[in-house]
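All remarks here apply to the structure that follows.
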Amino acid sequence: MIVTLLHHTDKPEELVLQAMAKCYDRKPTLKSLQAAIKAGHTSLLEHVSFTWELQGISRVVLAQLTRHRIASYTVRSQRYCDEWDTDYYVPPELGPESRDSYLRGIRRSRDCYRKLLGEGVPKELARYVLPQAVHTELVLTMNARELYDVFFPLRLSKRAQPEIRELARHMLVDCCWVAPGIFGEPEDWEGYDE
Amino acid sequence: MIVTLLHHTDKPEELVLQAMAKCYDRKPTLKSLQAAIKAGHTSLLEHVSFTWELQGISRVVLAQLTRHRIASYTVRSQRYCDEWDTDYYVPPELGPESRDSYLRGIRRSRDCYRKLLGEGVPKELARYVLPQAVHTELVLTMNARELYDVFFPLRLSKRAQPEIRELARHMLVDCCWVAPGIFGEPEDWEGYDE
Amino acid sequence: MIVTLLHHTDKPEELVLQAMAKCYDRKPTLKSLQAAIKAGHTSLLEHVSFTWELQGISRVVLAQLTRHRIASYTVRSQRYCDEWDTDYYVPPELGPESRDSYLRGIRRSRDCYRKLLGEGVPKELARYVLPQAVHTELVLTMNARELYDVFFPLRLSKRAQPEIRELARHMLVDCCWVAPGIFGEPEDWEGYDE
Amino acid sequence: MIVTLLHHTDKPEELVLQAMAKCYDRKPTLKSLQAAIKAGHTSLLEHVSFTWELQGISRVVLAQLTRHRIASYTVRSQRYCDEWDTDYYVPPELGPESRDSYLRGIRRSRDCYRKLLGEGVPKELARYVLPQAVHTELVLTMNARELYDVFFPLRLSKRAQPEIRELARHMLVDCCWVAPGIFGEPEDWEGYDE
């Protein structure tokens, strides 16, 4: 999994403070901003957004990701792109025996996909046999409110699946690096289990 | 594919006419409503919604479906549900030889899934080997504006894939039956190719 | 203020239970639905929606209302509708002296509006002098999740203004009447202060 | 009216091209991006956003603005801010006589507001007498798709009111300056009348 931050709002805390000043006609401090966020006034965070390039995530995670409707997605199209050489997710939790079964299953699906392409079946039909573990790539834009209020609480949680938790941790590290005044440090989110 | 209309707004045209009357302080006729819709004033249609139960659609279509963000989805969870006996989509366009390759691929994936479950792998991990053709079920609510402005134009189009076109046609028939004053007749949408 | 429920999803609890059954492939009870809602799984509630006609609310409340972006609005247009005889909100909290000042102010604004119309100024320009207390009417559709998670907590709160609290209470009574299995009783929301 | 661009996505065309490349696994040119936009594939534009500070716009325009639900707003609060000295919109279309009537009406409303404050009425109640022409300030974030597909076509149109048309023109000039590869030149939108 490769998570690359392509773009983010410049000096996010400053912009959010400017917005907050507008609301109350009074210059707030970073401290009062943080108090406002803790008190749930997170609409201010919508002015800040992050754009990532995500590579090497499975279509399983894509399905979980796109359920977040307040975000923008541009996804590698299986209708137009060739998945001949595309890689696959392998859950690290599998024991050695299951791992073998798993890999054999994946290999056979891939071979079947290639065979269908070889027989002239269009990519958009052949892809039906691809396993859900197949990797995809996308560009994702999400605003800081959705990240703070919904995505991180839900996807860093112990109840989330390992693959999307890994993705969420990568994204969190970027957010904390860019906007520590809003997101704090990654450790602040540890043990999070909503 | 089984598409069951679970619920829809009662007498949709009447409700939309009531809303339109509010805007202009004047009782409109169905004709003037239709003119307003044609002229793009489709926000009125948001007051009307449809809820379907969709069964026997593939996860490929689910992925296309959930890209429509102005809609509500409750989807069969592959983390919690057993897909041991779940069925698969088979594209009718496949020639006999490719159909054989396809079915063999699907069967092997299913066997792999069952084997993993047998080895004690949790459902949420085993499902990674399931092919994207695997069937799912969901309850979907969409308002008439999204259907009219976005879903039908995009998904009835010749450029859409056959499986989602079939789904869209089923949904269109329901909409035309329930609200002919808004959606007209299915034939009105024929040859649609945005 | 007149709040009229024009339409609501039929048997909302049944529909939500059907959706929930889909997710887990198991028939839930009303009790387990209520536990799910309490635990924050409120996306199920999006399948249920309510449509009201609101009359006699001020443009101040309209401004607060339309900040809820997950909802549909059809509002009386001040560009096209004549506000010659339209009524105004008078805050019940005003003391007798302030009430007199307030009413005089309102009356003068109304007279100014009428004078401008008399001079041939178009309604869409004359309305700039109308006070924010001026009444409006609208048709509003909101789904049960937005109502449950956002609108009621925010607008029933003691920190909300009296006029929108009154509106929220009217809407709550309707929701509790139609869907007690979801919204409980109005008393359950008493003392609410988020 | 003062329209200040506080922030925008850096090199918007580059980011959108990166997103487009992801979709088709092929590096597109600016020309093919522009063809894609013309063909309606504007979801790519969601990755780009603009944040403005708007000062000296009326609450009438605010009401029109906030009907755009795919945007983020932080607005000067009339509950907490003192509007004692706040300015008012005066439509330039008014003839001299009507202009006098208008200004007198505005002045009286302002005096009434001040009187109520003097009598100890809280700001949040006194503001009900303020005319809709009263100025407000806000921070607005909107993505390039909403701007391109909805806001500019609707608000630059001859059918829009002069005040919001002026606002839209200011915003358009910023967009064309920052992202000419997407928005073209302001002249391209002239005579626009959807």
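Residue numbering begins at 1 within each chain, and the chains themselves are lettered A, B, C and D in the order written.
The rule we apply is simple: contacts are C-beta pairs under 8 Å (C-beta built on N, C-alpha and C of every residue); 3 or more make two chains touch, one makes a residue touch a chain.
What you are looking at is a predicted structure, and each value in this text was computed from that prediction instead of being measured.
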| item | value |
| --- | --- |
| Where subunit A and subunit D overlap in contact partners, by chain label | none |
| Rounded Å distance between subunit A and subunit B, as computed from the means of their C-alpha atoms | 25 |
| Centre distance in Å when subunit B and subunit C are each reduced to the mean of their C-alpha atoms | 31 |
| Subunit B-subunit D separation of Cα centroids, rounded to whole Å | 35 |
| Per-residue multi-chain contacts in subunit C, two or more chains | 73 |
| Chain contact graph, described as a line, ring, star, complete graph or other shape | ring |
| In the complex, subunit D residues that touch subunit A | 6-7, 9-10, 15, 18-20, 22-25, 43-44, 46-47, 49, 51, 53, 72-77, 80-82, 137-139, 141, 143 |
| Footprint of subunit A on subunit B - complex, ascending | 58-60, 62-63, 66-67, 69-70, 73, 78-79, 89, 91, 93-95, 97-98, 101-102, 104-106, 108-109, 112-113, 115-116, 119-121, 124-125, 127-134, 161 |
